[in-house]
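Report on the structure given below.
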Amino acid sequence: MSHTVRNKTRLIARVRRLKGQMEAIERALESEVPCADILNQVASVRGAVNGLTAELIEDHIREHVAKAEEGAREEGVAELVDVIRTYMR
Amino acid sequence: MSHTVRNKTRLIARVRRLKGQMEAIERALESEVPCADILNQVASVRGAVNGLTAELIEDHIREHVAKAEEGAREEGVAELVDVIRTYMR
Amino acid sequence: MSHTVRNKTRLIARVRRLKGQMEAIERALESEVPCADILNQVASVRGAVNGLTAELIEDHIREHVAKAEEGAREEGVAELVDVIRTYMR
Amino acid sequence: MSHTVRNKTRLIARVRRLKGQMEAIERALESEVPCADILNQVASVRGAVNGLTAELIEDHIREHVAKAEEGAREEGVAELVDVIRTYMR
């Protein structure tokens, strides 16, 4: 079981919104919308990706660290430390 | 005319790849792939969004600042400064 | 007791290096070093600040989450989630 | 002449404030302040480093791109593109 099960529906909704934002940017590029507007759309995608990341990390902490049994928790902590290193690089 | 015209094809290809990455994350969430793997996929999306941003800003600099006429350049510079502020916040 | 006790010496060494980097940037500004060089120095400070952040978060996870007793762990997890939200904003 | 000449005083003041923030973090580590508080101080340093970066890039754009003569502008643009790539990596 993954930590994402519980909040699966919410996470999938976030990912679909992001896909919709990518489609809007594709259309904006096709129709030659001014680049400042496109950069604003991309900045908003960046914010949404950060929000998705934070939610995935929080789920991981709750399911694989906070609620986990002793042995599983050690593994959850090791994974978490890897994730933090990747994102803080 | 937008600064994105010239590199339009390349930019659209980048955006489509990103959309494909979002679809892969959606499928991964549906099939309950371990969250550490999903976090890696999202980290790679974040890198791709940064790459897209850098390319859009570079196009803007080349088309609306470097090659622009005096008056248009002032406007291009003002837009660029706004973009830098947004992304460095 | 803080989670930073154990790695205190190492963390303080990192912070002192960062202070030294700030002093070097101050001198570079005083002596009108080309701005591209100064921007490189500041990029390197940014990397060092991210490294310091990652180390502080890892210490927090090890001391206040992994090793903590039940009640303290809940508090450690709540603090960790706040930190993640701040840094992913 | 560097692009930083004009705003030199303001930039140096920013760098000194950052150095002061590093000294405060060093004292906080020495006196075993709770790590959540130290992480907040480091988050605020990160914001200040981003602000310094944005100001340096803006100065560069104004002095070496907007106001520069044809040949110098080309060089200023090339440096700017390098900087954007470094910061968007």
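By letter and in written order, the chains are A, B, C and D; residue numbering begins at 1 in each of them.
As a working rule, a residue touches a chain if its C-beta (ideal position, glycine included) is under 8 Å from a C-beta of that chain, and two chains touch if they have at least 3 such contacts.
Which chain is which protein? Per UniProt: A, B, C, D = Metal/formaldehyde-sensitive transcriptional repressor.
Note that this is a predicted model, so its numbers are computed, not measured.
Of the two chain pairs considered here, C-D and A-C, the higher C-beta contact count falls to C-D.
Per-chain Cα centroids separate subunit B from subunit C by 28 Å. With centres set at the average Cα position, the gap from subunit C to subunit D is 17 Å. Centroids built from CA atoms put subunit C at 23 Å from subunit A.
Looking at subunit B, residues 50, 53, 57, 87 sit in touch with two or more other chains. In terms of which chains touch, the assembly is arranged as a closed ring, every chain touching its two neighbours and no others.
Only residues 50-51, 53-54, 57-58, 61-62, 65-66, 73-74, 77, 80-81, 84-85, 87-89 of subunit D touch subunit B when the two sit together in their complex.
Listed in rising order, the residues of subunit C touching subunit D in the complex are 1-5, 8, 11-12, 15-16, 18-19, 22-23, 25-26, 29-30, 32-36, 38-40, 42-43, 45-46, 49-50, 52-53, 56-57, 59-60, 63-64, 79, 82-83, 86-87.
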